[in-house]
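Both of the next two complexes hold chain A, though its partner changes from chain B to chain C.
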Partner chain A sequence: MVEEVRDKARELLSAGTVECVIGYERATDGITARPLFAYSPEEADRFILDRTCVHNLARYLLDRKGKPTAVVVKPCDSRTINLLVHENQIERDKVFAIGVTCPGVVEAHWGETTEGLQSRCGSCPLEVPVVYDHLITVPGERQPRTGFPELEKLEAMSPQERLEFWQQQFQRCIRCYACRQVCPGCYCPICFVDQLDPMWVGIKIAPPENQVWHLIRAFHLAGRCIECGECQRVCPVNIPLMLLNQKLTAEVEGMFDFRPGLDAETLPPFATFRKEELEAER
Partner chain B sequence: MSRFLSLDGLLAWLDGLLKEGTVVVAPTLVEGVSLYQPVPAAAEIDLDGGATVLSPKEWLFPQSHTLFTVERRDGAAELKEGTFDGRAVLFGLHPCDALGVHLMDVPFLAEPADASYRERRERTALVGLSCTRCRPECFCTSMGTAPDDPAHLDVMLTPVEGGYAVAAASEKGEALLASAVLEEKAVPLPEPPVPDRLPTEDLPRVFRALFGHAYWGRVADRCIHCNICSYVCPTCYCFDVRDYSRGNTAERVQSWESCQAPGFARIAGGYEPRPSKAAKMRQRFAHKFLYFPEAFDGPLSCTGCGRCVRSCPVNIDIREIIGDLQRIGVSSVGSGEKQD
Partner chain C sequence: MDMNGGPRIVGFLCNWCSYAGADMAGTSRMSYPPNIRIIRVPCSGRVDPLLVVKSFQQGADGVLVAGCHPGDCHYTEGNYYARRRFALLRPLLDFVGIEQERLRLEWVSASEGRKFSRAVASFQEELERLGPRGHRG
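Up next is the complex of A and B:
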């Protein structure tokens, strides 16, 4: 299957179908993966594909707008393409999606990987990418789904306990914005926290400011998060950001029967209006 | 014969300092994340921790702090400076982190010194822990320190059977040890570990030669331009300053900032002098390996702690970059391969 990725990449680059193929290569620790941008057929030899290939590479399409690009996408990552096409950020015909089926990915941080899958894989509804131009089947049994066990724990708390839980988490945030930078849905030309005038949020790296950042970040992704889990993976101080995202995912699904990026046709709630929404009481 | 401090003796010494009102800042586990924080009791210290996620710089150069507040009352304005008038012990610094403090001193204590940094620095004693093992990302010996180097520390502790071998490396350290119960005995010191070595020879010159090289664009392709590397780094010292105002009071706040942040380099009129991903990412390495040594006569602004290697979400590896620059430098300087 790795050879299939390499072959496809070589073919696309040799034929000039795309200028660049974005896939994975081995990281410097020898055990995890990192993104590789291949511009020549020779570079395609470096591609790898295994359960440490955690990154959502489709995020890089935002950096290559208008340039013919092929990208390796797992099912979760593939939702990015629908999201960004719906939001008029990328052109579908400039993207060649090399879809790979996914039995789940492990927790992989530089120098260490886990045996077990990432918790978010337990709530992933997909095994096959929702959009692809070429599909590669990765062998491997998928582990059983677990739903959102952590979310259920959180929902069993009282509002006061929940507030304290999140304050505890946000307290150690260092406002590095890795969660934003890695997110395929965070592409505002000027993020609200970077706005100078007016300054919506102060620059202090301190609990009240951190909390405003995280809550607004989460709300801006309501109905838009494609559950790639990158925000949580990259957080240097282990804030469980996917819990917030999953909560909003569940809310939006309950209200609008919509989960973003699953198909190319259904328009997102933010892009539509139905009369019955007027009557929806919350 | 050398001086020995038992584990209990260490905890008692630190608890004694705490009781006197000294702030003890040390590695602590916060929800599984190892961070330097003021501890309420010595027992809270994570003594076995390898490297904290964030460096100890945040004690001397806080993530955010108030430079001053101004209050307007009855037509007159009263200004209050943010000060630290206590005493502190920064505990558990590995030699790389001690070098980090030294490299922060260079810009902040150069005249005119940064008053708030100088105040904290003068009121803080540095107690180091020599390294008994290296992690794969360590490369301190390539940056001019070593796992058992006491340079820039006030007290150096070396873990040995049942406690620590103690060496005072400064007068401040000797004074601090006055309250410690030390034993005199023969303590065999462990052989220090040997980290990997990097080819750092002549790095500023090589960097200058490859400044416009296409290499930067290729590495920057995968960079997501978050602030992680700058914030975990013991020597990155960029900051932003803004005012908070409410009613009759205004507060001037200094906070960490990163050259990777959007708009960091933007200037009046909206011009962005480092618009490309390549230029932006190169800036961080140029500061460490070109501008800093040029501006301050020598040292590279890196300690070999490996924190950025460990925390980068896309494996931008400073060790690999140094190696690549040397390799490309040898093979293509003068070949005219240019970008930007």
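Up next is the complex of A and C:
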């Protein structure tokens, strides 16, 4: 299956269909993966594909607007393409999606990987990418679905316990905004948190300010988060950011029966409404 | 905050209905708790969740958003969008330990001074029952 990726990349690059193929190569620690941008057929030999390929490469499409680009996408990453096409950020015909089926990915940090899968893979609804131009089947048993176990644990707590839990998480935040930079849904030219007048979020790195950041970051992704888990992966202080996203994902699915990125046509929940709804939730 | 002065409420009232409704309560000499600080906004659909989260960060015990009744919005449909937004913001607030009862959405028309004063009074009672926020922020 690795050969299939390399062959397809070589074919696309030598035919001139795309200028660049974005995929994975082995990082210099010899264990984990890192993104590879291949511009020539020779570079295609370096592509790899395994369970350490955790990154959402479709995010890079935002930096290659208007340029024909091929990208290797797992099912979760493929939802990015639908999201960005729907939001008029990228053109579908400029993207060649090399879809790979996914039995789940492991936690990968520099120099080490886990045996077990990432927890977000347990709530993933997909095995096959929702959008692709060429599909590569990766052998491997899919793990059973686990739903959102951590979410349920937190929901069972009292508000006071939840408050303490999140205070502990938010007080570690150094507001490096890596979660924003890596997120395929966070592409505003000026983020609310960078605005100086009015200054919505103070520059003080303290739990109250951090909480405003995290709540609004999560809320801006409500009905848009495609659950790639990149925010949580890049967090240098290991804040379980996906819990906030998953909470909203679960609520959006419950209220509006909507899961973002599964197609590029359905209107997201905040772009529409029904006159008769939600009077009880108010 | 301390509860000596009672809970502190921030109220975002839409210019066309609820702000006029509050005005009606005033001109009709109906009393309502003085704990509410009213901010006039063009439409309930203008109320960005950021304003709500920011209010809580600055020490509000409760946030009241009031707008025109469904179907009566001055901008036709702003309140429908607001309704969806706050229906989703409340569980998120609850999830991080800000009880969802602390955010209220009310429909108050320009003639409903009585409804406005009752809404603020019942909101205040609820906030007193909940007690002060566990942690500012």
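In this section, the second predicted complex is superposed on the first by the 275 of 282 C-alpha atoms of A that agree within 3 Å, B and C clash if a C-alpha of one lies under 4 Å from a C-alpha of the other, contacts with A are read in each partner's own complex, and residues count from 1 in each chain.
Just so it is clear, contacts are C-beta pairs under 8 Å (C-beta built on N, C-alpha and C of every residue); 3 or more make two chains touch, one makes a residue touch a chain.
Please read these numbers as outputs of a predicted model, since none were measured by experiment.
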When chain B and chain C are modelled together on chain A, clash or fit: fit
First (chain B), second (chain C), both or neither touched by A:M199: first
Partner chain(s) touched by A:V21 [first = chain B, second = chain C, both, neither]: neither
Partner chain(s) touched by A:D29 [first = chain B, second = chain C, both, neither]: first
A:W110 touches, of chain B and chain C: first, second, both or neither? first
Chain B versus chain C as contact partner of A:E251, first or second or both or neither: second
Which superposed partner A:L278 touches (first chain B, second chain C, both, neither): second
First (chain B), second (chain C), both or neither touched by A:N238: first
Superposed arrangement, angle subtended at the Cα centre of chain A by chain B and chain C, nearest 10 degrees: 90
Chain B versus chain C as contact partner of A:F37, first or second or both or neither: first
Closest Cα approach, chain C to chain B, once both complexes are overlaid on chain A (Å): 11
On chain A, positions contacted by chain B and by chain C: 206
Residue ranges of chain B touching chain A (in the complex, touch as defined): 30-33, 35, 53-54, 63-64, 135-137, 218, 221-222, 224-228, 230-232, 240, 242, 244, 253, 255-258, 261-263, 277, 309-315, 317, 319-320
Residues of chain C that touch chain A when the two form their complex: 49-50, 53-54, 57, 70-71, 77, 80-81, 83-99, 105, 134-137
Footprint of chain C on chain A - complex, ascending: 154-155, 159-167, 192, 200, 206-209, 211-212, 215-216, 218-219, 222-223, 244, 247-248, 251-252, 255-256, 269-270, 273, 275, 277-278, 281-282
Chain A residues touching chain B - in the complex, by the definition given at the top: 27-29, 32, 34-37, 55, 59-60, 63, 109-111, 168-169, 172, 174-178, 180-182, 190-191, 194, 196, 199, 202-206, 230, 233-234, 236-238
